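The data blocks that follow each hold one structure.
Here come two complexes built around chain A, the first alongside chain B, the second alongside chain C.
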Partner chain A sequence: MADRHATMLDGLAADMAAASGEAVTLGALPPVGQITFRGEPACLPLAAAAFGTGVPAVNRFESDGARAALWLGPDEWLLVLPRAEVATTIARFDMALAGAHFAAVDTSAGRLGLELSGPMARAVMEKSCHIDLHPRAFGPGQVAQSTVARVPAILLQRDGRPTYWIFVRPSFAQYLARWLIDAMAEYRLAPIAGPAPT
Partner chain B sequence: MLLIPCPWCGRREETEFANGGEAHIARPADPAALSQEEWAAYVFLRDNPKGWMRERWFHAHGCRRWFNLVRHTVTHEIAAAYPPGAPPPPLPGEAA
Partner chain C sequence: MTGYRLPAGGAVDRTRPLGFTFDGRDRSGFAGDTLASALIAAGVRVVGRSFKYHRPRGIYSAGPEEPSALVQLGRGPWSEPNVRATQVDLYAGLEASPVNVWPSLRFDAGAINQFLSPLLVAGFYYKTFLGPRGWWRRVYEPAIRRMAGMGKAPDEPDPDLYDHAHVHADLLVVGAGPAGLAAARAAAAAGIRVVLADDGAQAGGDLLTSSATIEGRPGAAWAAETAAALGAMSDVTVLSRTTVLGLYDHGYAVAVERRTDHRPPGACPGHARQRVWHVRAARTIVAAGSHERPLLFAGNDRPGVMLSGAVRTYARRFGVACGRSPVFVTNNDSAYVAAIALADAGVPPVALVDLRPVPPPAASKALADRGVEILAGRVPVAVHGRAGVRGIDVRALDGDRTTGSLRRLECDLVAVSGGWNPAVHLLGQLRAGLTWDEAHATFRPETLPAGLAVAGAAGGTFSLAGCIAAGHAAGEDASAAARGRGGRRPVPATAPEEEAETPLLPFWGLSQGSRGKAFVDLQNDVTAADIALAAREGFHSVEHVKRYTTSGMGTDQGKLGNVTTVALLSRALARPMGETGTTTYRAPYVPVAYGALAGRHVGALFDPERITPIHARHVAAHAVFENVGQWKRPHYFPRNAEDMARAVERECRAVRGAVGMMDASTLGKIEVRGPDAARFLDRFYVNPIASLVVGACRYGVMCREDGMVFDDGVVMRLAPDRFFVTTTTGGAARVLDWFEEWHQTEWPELKVFSTSVTEQWATVAVAGPRSRDVLARLMPEADLSAAAFAFMTFRDVTVAGMPARLARVSFSGELAFEISVEGTLGEAMWDAVAEAGAPFGITPYGTEAMHVLRAEKGFFMVGHETDGTVTPIDLGLERMVAKRKDFLGKRSLSRDDTARSDRKQLVALLPDDPGTLLDEGAQLVDEAVLRTPMPMVGHVTSSYRSAALGRTFALALIRNGRARIGERVYAPLVRPAAGEMMVSAVIAEPVLYDPSGARRDG
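So, the complex of A and B:
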């Protein structure tokens, strides 16, 4: 993308690629547009329709691929969408929800996203996060706000591989990326070269 | 470590929360009419029971909402969690 914003994570792209392997991969998400939406319960179905997804249930997110609505609280969502569509989406809320008590604020600069994926991704997450991520408790479509490596984060699971997206404040992003690189190291140990044991 | 049932997010670990002290402290209707002693009691004096207590908690790293919790201050047993504005439930062992 030609107009891709530079971020705090650009300098770590090579390190993240080098740390990634078959067991688990780490990468920065392209900077996405984010809207913090808060509104009275009556206007939430209208807001979801205006945004183009379903109403996210408690601790879950609704996505149509390009856009996602994350449940953050009983009257609060985080809307993730392409950056170019943020202004028009807020304008659409202003039209669709005229008269309702709501706020839709562009918070695109407020968080950066990391993607952690692969068969060992849950093992890496479990070193750093005290949410129960076992499939019986947490699966694709679920979102939670908690701490990851002591950093306040929004965590969601995209698919059953599993693939996690972690949104943190930009000022914590480098720290968290380095922390995850370190946590991933044990899953990509090279086979020991040398003569076979006799 | 406590597993605290946030009324909105479900059970989460204690490190996500902040304790807000005793619940259901009503602000005086007419603060100007209070004596110094009465105002000091409103601001500072709190129950410190050895047993069941209704407390305020804040889900700081989760949904960032306040709620109330009925917790035993000795055993850390949690009997109920309820949103602000809801009528306080009776304490365990107390007649409803």
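So, the complex of A and C:
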């Protein structure tokens, strides 16, 4: 059967591409599998091993390239992985963590990811988000939960370009994408002419 | 000299003339001018009329404290009222006009108020316009508003963009004058993150007009080079044209950056006109400088009377002479510097009048060397010239009286200096302690909250070398606090050496020997006599005097007059200044546009909107949407030219008669897992949950601790240790928080985890007698009979080839199914249901039809029938409330008040006229004739027209309602056409449709 899945950002792909430029680019992440993992502290190392990454430290993520474990709370991670591996991964937890108290819930449709990248990506984020994203305070490997343009979001930084991934509830995704497109617009314009030179 | 433009000097670009208009006349200035400097250069003396007396007024200052030169800037949608001409950078084509003038600037009819002024004393509107009753609102207030109003707000939408930005720093420096630059440079050298905000177009503050040198460079050049070097550092943010509006606790500051205001309107499409900066800094240094204080004498508001520092600024920075024959009047040394600057610019002052008997030796010699007469120990007693100064009279000063003979000085400019007030406004907002500084006759900061420092003139340090040293030290302190090091660079050296200050002579006006008005607050036309009158009338608190006289209540917030007000009040009450104190400082420091505060949260981006995965289908079906929290839900789906009532009636008939479909994806969903999940949920719901078998659903209600209904929904048991909980659309987040709060704080021993899965699932509700037929087409192999698939059960199945959770629940009373699929399949499932239902006329229905259908069945709705004061028993759910288990709120249900039998209870209402619709929220009474007061016995919670019942009906909460079935109550309503009316209605059992429940199995 043809893929009948659709995301809320499908219709905005062209708008996001049109808004992107040298200064900053915006796009939807390809749909990924997501598992909301909650577990008692004792089972976390086992869970990370079963998942295939390290145990994420507070406000950081651990990734092996294909999979990432995002720290959301002392007993809560968001696991990001290929869509096709969600069921087998949950099954692996059931085996590896038998007897432990945990909950691994498939939330693959629970959030959509946006990627914002480029030299002005931080400036766009600073128009949208209260938290300190200066390289001294936030860098690659870090995760934060905050609001972006008043939308609850999980934010992580992938690299120093910088590249941010923003995970939001799909219901908010169009609003947030439109907000970011709007916030990016000035970086495609000629700068404001300066004051009368004196 | 051409007009008032000096032949040389100033930082304007004389090769770039810029045309502009003021009051309809073409004028010309240069690039680098402000509107104010260009107006002065063009010889414009009168720029507006005062607020109350409509006296002609000229430009008074050169900065944000300007009280008089308020203009209407731009036209059409770009028109902006009450802009200070001193703060407007000139651009080609600028259009400005005066405010508060009628019919014209030169002839103002309101000037008659000057002759009525004995009636217009402090508090006149409290005293004069007392009767007849109703006249204030209908006659006096509109007339006064017309007379006293200032600029006009534009009535078109603002075409400009505004946005916000957040920046974090170790240090915020407010002001890029000598102190601020020294502070920022010292701090940045240690490598900490610095934000430097300055309201000028160029950094430098007072250095832009100073003749001093710093580190061997001219002051302005040193400032420009220092700011450029700071701007080039990666961890320093230099914000010019940026005014800090407010300082708040924990290092939070709000500033507004004027990004395109120096360019013509509309010249920078796509760029934000203004940006509001939210700065969060570990430490803040306020180096906001100081404001010069006027001197009090009769006629001190006439056009041509200006602050002496402003006169110097216009001469040195803009190459503009504010007059051709100036007289300086001062009680301190600073006017000497200005007078020398003017003399050196080729405009020798007629005289310098120093109130002090002994002038400063070096400065007066320098002035005398330039041929300027110094009149020591004199004071102005009169100003000649109404629309422009023509001369002043001076006499010898003896205390607060005058002696000796009158001397007239012919002049066209009176440059005054009454001393300098540190700009303590931002410090005051944070409740810094201010103390009266006797030597400078002003308030200066004494105690500062942690993390806040002050440097330079804002702290009462007025010498250049002192400002630089204080700024440098404050910057080093900040870097040491942030990094643990500092003191790496020497203090920048200044030259020439400054003369030691000759003490200022405090002067608060003459007690006698002077006629005419001496103004304290130029913008609000408050005179020294008004303050004295207020004191005589018993106003002792400076806060009361401010409000009674309106001193300091204009758009300038009394930046010039407040200290004088305090001084006059203190003198009138014979008490020390410090005891009188200041009024409260509040943000914003200068006026700010509402558009800037709103930022990009306007129009389509006003507030986040939540839409379901099926939203595009609803848009295509021309749905009218309703806000449910942040969700956009289809309210109804009008076809052709249907109005709402017809569309809802059609949708209801479809569900009752055939089949309808609804997007139920917005319902909150929580997966609760763990060995203690059943025990956990049992503690929340009023009805038993633990007894639920796997594969079954149960409707449940939750209360808060007070026993009042909080949320409701369906609980499904997925496995012995797994439950799937639905909540109301608006309640999803608070129910999850409620679960987490109790788990984390009270019951950490329970092994349970709650996970939000609201958006993991999209849900299509299929309701109506033909719904089973629709499902049968989607899953032909399944047995969907009532026997095989019972009401209130669910199963995980494949529907139209998609994995789905199918539940037999009903919110309409009809046979109904809810199909839930992964969110990304929502649209595909909607399409599949629509296609399968087409032969049965399946009809999409919205929230309004859903409400009608549920109300016909007497199903309450959280937020409609409940308002935080309604118990489950009030709603008629006493049979649901568990007797044997405990749950949150249970004990509260046995309180005297919650257990009494005559509480307001849920019933239905049937209006006697079946066509009359009761208003939701209408109060209900027992008597047919309205009287005041009369006891209210309840209120209408939901009211609809029912196609199934062929009449209107309502749900209501009525005192002791269940015992009153069949009785009549009355709703006093007001209708636009019919006026006041009483609608009678009969109380009925809440379930009006299919009370036996026979329809739910189809």
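Here, the second predicted complex is superposed on the first by the 184 of 198 C-alpha atoms of A that agree within 3 Å, B and C clash if a C-alpha of one lies under 4 Å from a C-alpha of the other, contacts with A are read in each partner's own complex, and residues count from 1 in each chain.
One rule holds in what follows: contacts are C-beta pairs under 8 Å (C-beta built on N, C-alpha and C of every residue); 3 or more make two chains touch, one makes a residue touch a chain.
All figures in this text were calculated on a predicted structure; none of them were measured in a lab.
Enquirer: Once the structures are superposed on A, label A:60 by its partner contacts, choosing first (chain B), second (chain C), both or neither.
Expert: In the superposition, A:60 touches no partner, neither chain B nor chain C.
Enquirer: Once the structures are superposed on A, label A:122 by its partner contacts, choosing first (chain B), second (chain C), both or neither.
Expert: Neither partner.
Enquirer: Figure out whether A:74 sits in contact with chain B (first) or chain C (second), or with both, or with neither.
Expert: After superposition on chain A, A:74 lies in contact with chain B alone.
Enquirer: Quick one: is A:130 in contact with chain B, with chain C, with both, or with neither? Answer first, second, both or neither.
Expert: Once the two structures are laid over each other on A, A:130 reaches both partners.
Enquirer: Any idea whether chain B or chain C touches more of chain A?
Expert: Looking at chain A, the partner in contact with more of its residues is C.
Enquirer: Regarding the shared-chain residue A:145, is it in contact with chain B (first), chain C (second), both, or neither?
Expert: Once the two structures are laid over each other on A, A:145 reaches chain B alone.
Enquirer: Can you pull the chain A residues that chain B and chain C both touch?
Expert: 130-131
Enquirer: Along chain A, where are the residues that touch chain B in the complex?
Expert: 58-59, 72-74, 76, 130-131, 144-147, 152
Enquirer: List the residues on chain B that touch chain A in their complex, please.
Expert: Residue positions touching the partner: 8-10, 12-13, 15-16, 61-65.
Enquirer: With touch defined as at the start, can you tell me which chain C residues reach chain A in the complex?
Expert: For this pair, the touching residues of chain C are 11-13, 16, 30-32, 89, 163-168, 193, 201-202, 235, 259-260, 262-263, 267-272, 278, 280, 600-601, 604-605, 607-613, 615-616, 631, 671, 673-675, 751, 753, 755-762, 801-802, 822-825, 827-828.
Enquirer: Over in the complex, which chain A residues touch chain C? Could you list them?
Expert: 1, 4-8, 11, 31, 36, 38-40, 75, 101-103, 105-111, 123, 126-127, 129-132, 134, 136-137, 149-151, 169-172, 174-176, 178-179, 182-183, 185-186, 189, 192-193, 195-198
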